[in-house]
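In what follows, structures are represented as structure tokens.
In the two assemblies presented below, chain A is common to both, partnered first by chain B and then by chain C.
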Partner chain A sequence: MKKTNFNAKKTANLLKSYFSKPSNVLLIFFAVALLLCTVYPIYALLSSSVQMDAMDSLMYNQLFGSALKKGDLSFNNYAMLLFGKYSRAYSVSFFWRPLWNSLRLSVYSSLIAVVFGGSVAWFITRSNIKCKKFISAVFVFPYIMPSWTLALVWKNVFANSQVGTGVVGMLESLTGICVPQWFVYGIFPCSIVMGLHYAPFAYILIGGILRNMEANLEEAAVILKASRFKILRRITLPIVMPALFSTVLLVFSSSMASYAVPLFIGSPGNFYVMSTMLSSLYNSSYSGQAYIMTLVLVLLGVGLLGLNQWFTGRRKSFTTVTGKSGQVSYVKLGKANWPITILMIVVLTMVAIFPIISFALESMCRIQGDYSDLTLNYWFSRTEINEYNVRVESGILFNPTIWKALWGSIKLSVVVALIVGTCGILIGYAVVHNRNSKLAHLVSNLAFFPYLVPSMAFGAIFLAVSSKLTFLRGTFSLLVIVGAIKYLPFASRSGTNSMMQLSGEIEEAAIIVNTPWIKRMTRVLFPIQKSGFISGYLLPFVSCMRELSLFILLTSSGTLITTLLSYWDERGVTQISNGINLLIIAIVLLVNFVTNKLTGASIDKGVGG
Partner chain B sequence: MPSIILEHVTKRFDKFCAVNDLNLEINDRDFITLLGPSGCGKTTTLRMIAGLETPTTGRITIGDKVVFDSEAGVNIQPAKRDIGFLFQNYALWPHMTVYQNIAFGLENLKWKKDKIRERVVEMLKLLKIEEFEKRYPSELSGGQQQRVAIARTLATAPKVLFMDEPLSNLDAKLRGEMRTELKRLHADTDSTVVYVTHDQLEAMTLATKICLMNKGVLQQYASPLTVYNDPANLFCADFVGSPTMNLIETTATQIDDQTVKLPLFGKTLNFCSNGVKLRGEHVYVGIRPEFLRISADGALEGTAYSTLPAGMETTVKISIDGMILSSIMFGAIDYETDQTLNFDIVGDNVLLFDAESTEQIAKGYITVQE
Partner chain C sequence: MKKIVTVLLALLIVFSATFALCACTEKDTQVQAVIKEAQDMTWDELLAKAREEIGDNELSIYGTTSRVNEDSFTAKTGIKVKVSQPNDSQIFELLKNEVGGNVYGADVILTTDSFNMVNNAMGNGWVENYLPSVYKNNIAEGDRDPLVCFYYNRAFVYNNGNGEIDHYISNVWQLTEDAYKGCEVKSPLDEKCTMNFLITLTSPAWQQKLADAYKKQYNKDYVKNDKYENISLEWIDKFIANCTFVNKDGTIASDVKNGKAGSLGFFTISKFRSVKGPDLTICAHEDVEGFSGMLFPMYIMLTANAKYPYAACLYVNYLMGTEGYQAVFGNEAGAYSGNSSIPLTETALEDGDKPLNYWQSRFVVEDGQYISTVYAKYYTMISEWCASKK
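Up next, the complex of A and B:
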């Protein structure tokens, strides 16, 4: 009797001491919350894929003479889409070929992104290339801009009278050259455009790794007479390999998820990938099959995550001791310096600056593609415009619908960024404090999971959820939840990384003098890693601001600026859609710039009090 | 053979001058330590000789080869300078085993496989790390990593070895051991060593010559005992020696060309030397702690401020005339706090520094005028 009492007391004490640590409480909280946010949607998805919808049952009853009703359980969806129950050709063209295309496209574009972004990162961090500031500032533009930007530009430039709808693009109207169909639509332009779009992402990640890597490791090899190539092959690459592999994986899954690019320059050439096929199945009301498609995308994502875990877990991660890394000696490019710099600037101008100019021009064309007749009317008109193809109540800057959508987007992005950024920091804190526990692994994997689910699929999943939890359907809260979960990976990664860099003593020094937890977070930890944490807020804001595919299934066109953009684009009013596009880019760049300036300034002033 | 000559070497980072007009000649088989407080330019100097850093101006010669000359535009790659470099944080490649780390340099020299194995095994034996051959650096302790780094550096048998604070990441005991081994290695390998440290004890015990630097400027370049006994200026006097030299500020009057009168401790002291010429009346008197001898019949009287017995010797802090002086006595002695102490200034190694230029002007002995 006494013994059990004692044991109960011991357990109670253990529990008490476990929960007296904020990091443990946070860890448990996030484990439960994230499990709910992951497991329930997947259940909703699974059950929707085997439950007959009205359209599904109608079709199957016709095709196979069955007597299914709405709500019946059946594996017909699977049999038809995956295993050729209706016909082999159906399975191939609606499932297997899009899957194959998605995989190919992702391989190509992640290769392009990593090679291009990685070499720029190497040039910036490790060589004495000129114009570093300009290059690194402009290089991230394509990533900040909406993903369809480059696809639209590609189309604007290369479309010609021999291909597709026969719209004349810039290249043909200036030079008369007509490029072949495969150059305009299909896997080739998709790979290039997506590779270029994700290159800055690879650049940011790889650049960060290279910047943190101890320069001594390379110098030691220099002294031992290794050639520059050998150093890269035997020292630099293997050391950054785990991180590099993660980068490839992230870009790969982003490419798998990409919707807008294959929609604009894939589908017209009959090139379908998983995400575009998914939405077209959904739009044709074959929602059961669309959910299967979603499920496959999710499974692929999980597979990739597993691969990443296996790869990085195989070897101990290479912690880099910081010694005298301030003294980085740059590789001298010698005579090749200027040619490389100029090449870089030309490419960047094409990729980063030209799109902006082209959008500005397009928003001023009275007739699409005719640059001789420009007007600012579409921006500044206070009255209704009704000419050629354009019918709009007033110019962009005085249009209440546009302002409302813009406000909606900003409100959503701010709320999402605040939630996500804060959760990211807290998750980072909880995970780093329990670094080796299984629960911490679980939480960090769960927080990363949404990254591997394509936006389109994510939207579809929550559509399935909202059809079960009807109080959420079509609400602002649903958008916030979806956005918050979708962008959590960014924030939890950056939160974890920032926390990793803080040694435990820093917080312990505050614990010793009895500083409450909130104060430790806000007065000690946050200020030290300010820039890292703020980027944890900034990135979700920027992503949310320019997100289309995540929200397009969940809301009406007037709620958000991006859905409004796609509305005008579908109606062929490119003046307005290009103008809105420019507006989004401008806001995103402005926020980016202001945050940089502000945090930069406050770091200088903050230290001195 | 590989003597190293630096002529007018200067390195500027933007406006900050890390090394200013440095001239240095390092002889073959020397063990030189670059000594100085952090930020004095010693690591920069080392990296410039190694070729990891490019000097702003000047000329560096290793052996009979000019490896850097700002005027002639010569700048030879580090790989072609035939040197070894031991980094402060070891810079072991985390993705290679101990064996691979050591073999890497030999592979670059296009050695045959069995030759490489032979040499690596020899190195492993030399540094007593045979059993770690297949391990990764992260599976080794600091001292073991240090040995691997040394093995890697020595494997290619470079004639010149550069070491950048190689022992600063080790604990005190291990540091002591490695010091002994480094000195032994220097003797065994017949190489020239340039060694950066901020630890004056390390510099004293290891070096054949110390190059003492401060704020990018060479202060003194001499053997450890010379630096200790005959420091060129106040900085050298203060930096070398533990406990530090007693430096007493006072005014001096020239009596004749062998004597200077110093009003100190409420008495008049005479500083006598073979030749002394005051530059100004404002001077510092420098007395090593071992020359303050406490004895019952000492001519000077102070009180015990605190006593620090360390077993073999005892440091006694003497309070006198508002100053705290250090004295070192052999054996463990414990004085009571504030107890009256009599002491003498003994030996003929008392130094006189000019306060304005901070340079040493004379070496001599002190007598107390009755």
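Up next, the complex of A and C:
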């Protein structure tokens, strides 16, 4: 009896001791919450891939003469998509080749993003390159803009009389040079465009670390007469390695699920990837096969995540922020400074400034694409515009529907960013404090899971959830929940990376002087790693502001600015849709600017312009 | 005795009437009952019922087009409307979950997917048809159930090099020849109406028309190619191999407009106006042997568990009338009401548009009933060709 009492007391003490640490409480809380939010989608995907719905069974009955009924269990979806039950050509065309293409595209995009984004981050944080503020501020523009805008720019520049209908692009009209078809459509342009679009990930994540890296590490190496290359290889690269892997993970997963770019400049070159085939199957009557593709995308992401986890787990701890300040010594670029600066400005102008100018011009064209006849009517008219196939109640700035939708998007993005950013910091804190525990690995992985599910499929899954939980149907809360879960990976990655850099001594010092946990978080940890944490708030905000496919199933066209953009785009009123696009970019930049003024941080400040 | 017989007869009549009434109530759902009642109501009667029913709530609509998100209905009736814009497949997924699970989601759906409409929604009883009797005689018999709200068209259009070329296409078989390579088309993989157009072409009637066109083009009878089950499939395979897939009608239109003379595209003529110029010719106006475009319907139905069936009927009634059509499409070309009494506007006619029957005689009209019988076979075959295109 006494022994039992003793054991119970011991267990109670152990539990008390376990739960007295905030990091443990947070870990348990997030483990439960995230399990609930991730198990259901996987279950839904798995069951939909083997359980025949009415259309699946109708299709297979017509095709194979079977007698399947709705609800029957069958592996037809797997047999037809993966193993050539209908024909080998079908499996190859719909699954194996797109899978191979997606893998190639993701690898190339990741490489481009890491090399380009990482290099720029290094130049900004570690060299004396000119125009830092400009480059740093403009570099994140491609991420703010929807990815297809860059694809459109690519086409407008490189299209030529030898390709397709022979529309003459900018390059040909200026130089007479006609690039071959593979340069205009296919994997090459897709990789470049996606690499450029996601380079800000690398820029933000790698740059954040480089900026906060203790200068004395490099200085010690310089004193020991190590060469620049050796310093880069032996000090800088190992330190940025976690961020590098995080970048690869983010870009690879994003590229695997990316839809718009392969659709715009891939499909015309008969280049199909998993996401375009997934969409096609989802829109066909073989939705079960689409769920298999989603599962494969998730599995690939999980594999990569495991690899990342394995690497992070085995690497020695590289604490880069000790709380001791250090003066950063910039690498002097010498004569190469101006050429590198000019090259960077030219590239950034093409990928970041040019699309914005083209949005502005398109929003002022009286007739689509005719730049000789411009008007500000689409912006400033207070009365109905009714000309050239266009009927709009008033100009963008005086249009109540646009303002209502804009407010809806801002409200949603702010709420989502606040929830996600805070959860990201807390997850980062909990995970890093329990770095070697299995639960921490689980939470870290679960927090990243939503990123692996393509937005379109994610929206569809939560649409199904809301039809069961009817109180959520069509509500703002549903959008917040979906947005918060979908964008949690940004913040959790950013939170974990930032926390990993912090030396345990900093918090220990605060604990010794009996500083409460909340105060430690808000007064000690947060201010030190402010730039990293703020990017955990800003990235979800930016993503949410320009997100369409995640929300389009869950809300009506006038609720959010992106759904309204899609509405005008579908009607062919590109003046309004381009204007709205410009508005979204302007708002994101404004938020970035205001955040910068108020807190000293911003998306690019995460890198340190 | 007479009294007893009279009483018995009276009781029998009462019982029969009660039984009949009960049977009727059991058979007709609330939505069906409202539809029956609403069919012969005047606009004002229906409006009064709808307002009473819906109050300050919103009428929920799922539409593959956002065009129906018009404030004019609210302005006219005082009834608020909420339009969600899932794509065709998602609409049927929603119907499966919501109507199948008896959860309210929408009152009205608008979709262009005839295969799912016939096999899925109507087959499973997820939707109910409401045909306002006031418009019945102006709606073609085949368009009444499911009710066709609008027809859209898509036509072959070429760049004539500012008058340099005319009659660029005289026979649909030319589209399979090397000289006509590069015709821009929305991919059947991404869009059901393009796929449905190709599947409709495999019907016996279209096989015959393609054989006739073949003979006129090559001055010989078509000899069956062992590689293909029929002549239509040969045309489809070669056409797919010859074209370039582009994802937006607007892009195709501007590519053709800004392209070289002889650039060819297949797009809705509603885009014609925004890129219009002397450079563009709609092939249909130059009589093409075979066909020169396609017409596809947009159906409108009530959901079987509509929460506001009177308001839903009123909405259908509104869209089927002149005011509703014009509120949605205005002066735009390329869209036609299922109600034949609604004329095209002068502006649309000026843009080269023609009445629906003009296009019906030149275009392939989507045949939902035929498609539903062969869909799996031909969908899979055609999509494989599209996906393996080199």
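Just so we're on the same page, the second predicted complex is superposed on the first by the 457 of 609 C-alpha atoms of A that agree within 3 Å, B and C clash if a C-alpha of one lies under 4 Å from a C-alpha of the other, contacts with A are read in each partner's own complex, and residues count from 1 in each chain.
One rule holds in what follows: a residue touches a chain if its C-beta (ideal position, glycine included) is under 8 Å from a C-beta of that chain, and two chains touch if they have at least 3 such contacts.
Bear in mind the structure is a predicted one, so any value in this text is a computation, not a measurement.
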(request) Go through the superposed model and pick first if A:Gly208 touches only chain B, second if only chain C, both, or neither. (result) neither
(request) Would you check which partner chain A:Ser267 touches, where first means chain B only, second means chain C only, and both and neither mean what they say? (result) second
(request) Using the touch definition from the top, say if A:Gly84 reaches chain B (first), chain C (second), both or neither. (result) neither
(request) Return the chain, chain B or chain C, that is in touch with more residues of chain A. (result) C
(message) On the A-aligned overlay, A:Leu463 touches which partner chain: chain B = first, chain C = second, or both, or neither?
(response) second
(message) Under the stated touch criterion, which partner chain does A:Met277 make contact with: chain B (first), chain C (second), both, or neither?
(response) second
(message) Quick check on the superposed pair: does A:Tyr60 touch chain B, chain C, both, or neither? Answer first, second, both or neither.
(response) second
(message) Just checking: does A:Ile223 make contact with chain B only, chain C only, both, or neither of them? Give me first, second, both or neither.
(response) first
(request) Check chain A for residues that touch chain B in one structure and chain C in the other, and list them. (result) none
(message) Under the stated contact criterion, what part of chain C meets chain A in this complex?
(response) 60, 65-67, 69, 71, 82-90, 92-94, 96-98, 101, 103-105, 115-116, 119-120, 123-124, 159, 182, 184, 187, 189-192, 244-247, 249-250, 254-256, 258-260, 263-265, 270-271, 273-275, 330-332, 374-377, 379-380, 383-384, 387-390
(request) Using the touch rule from the top, collect the residues of chain A that touch chain B in their complex. (result) 214, 216-217, 219-227, 230, 234-235, 238-239, 241, 315-316, 318-319, 321, 323-324, 327, 329
(request) Mind listing the chain B positions that touch chain A in their complex? (result) 43-44, 47, 50, 52-54, 77-80, 83-85, 87-89, 91, 93-95, 104-105, 108-109, 136, 138, 152, 156, 164
(message) Considering only the defined contacts, which chain A positions touch chain C in the complex?
(response) 53-55, 58-63, 86-87, 89-90, 92-94, 161, 164-168, 263-264, 267-268, 270, 272, 276-277, 279-280, 282-285, 287, 367-369, 386, 388-389, 391, 393, 460, 463-464, 467-468, 470, 473-474, 552-553, 555-558, 563, 566-567, 570-572, 574
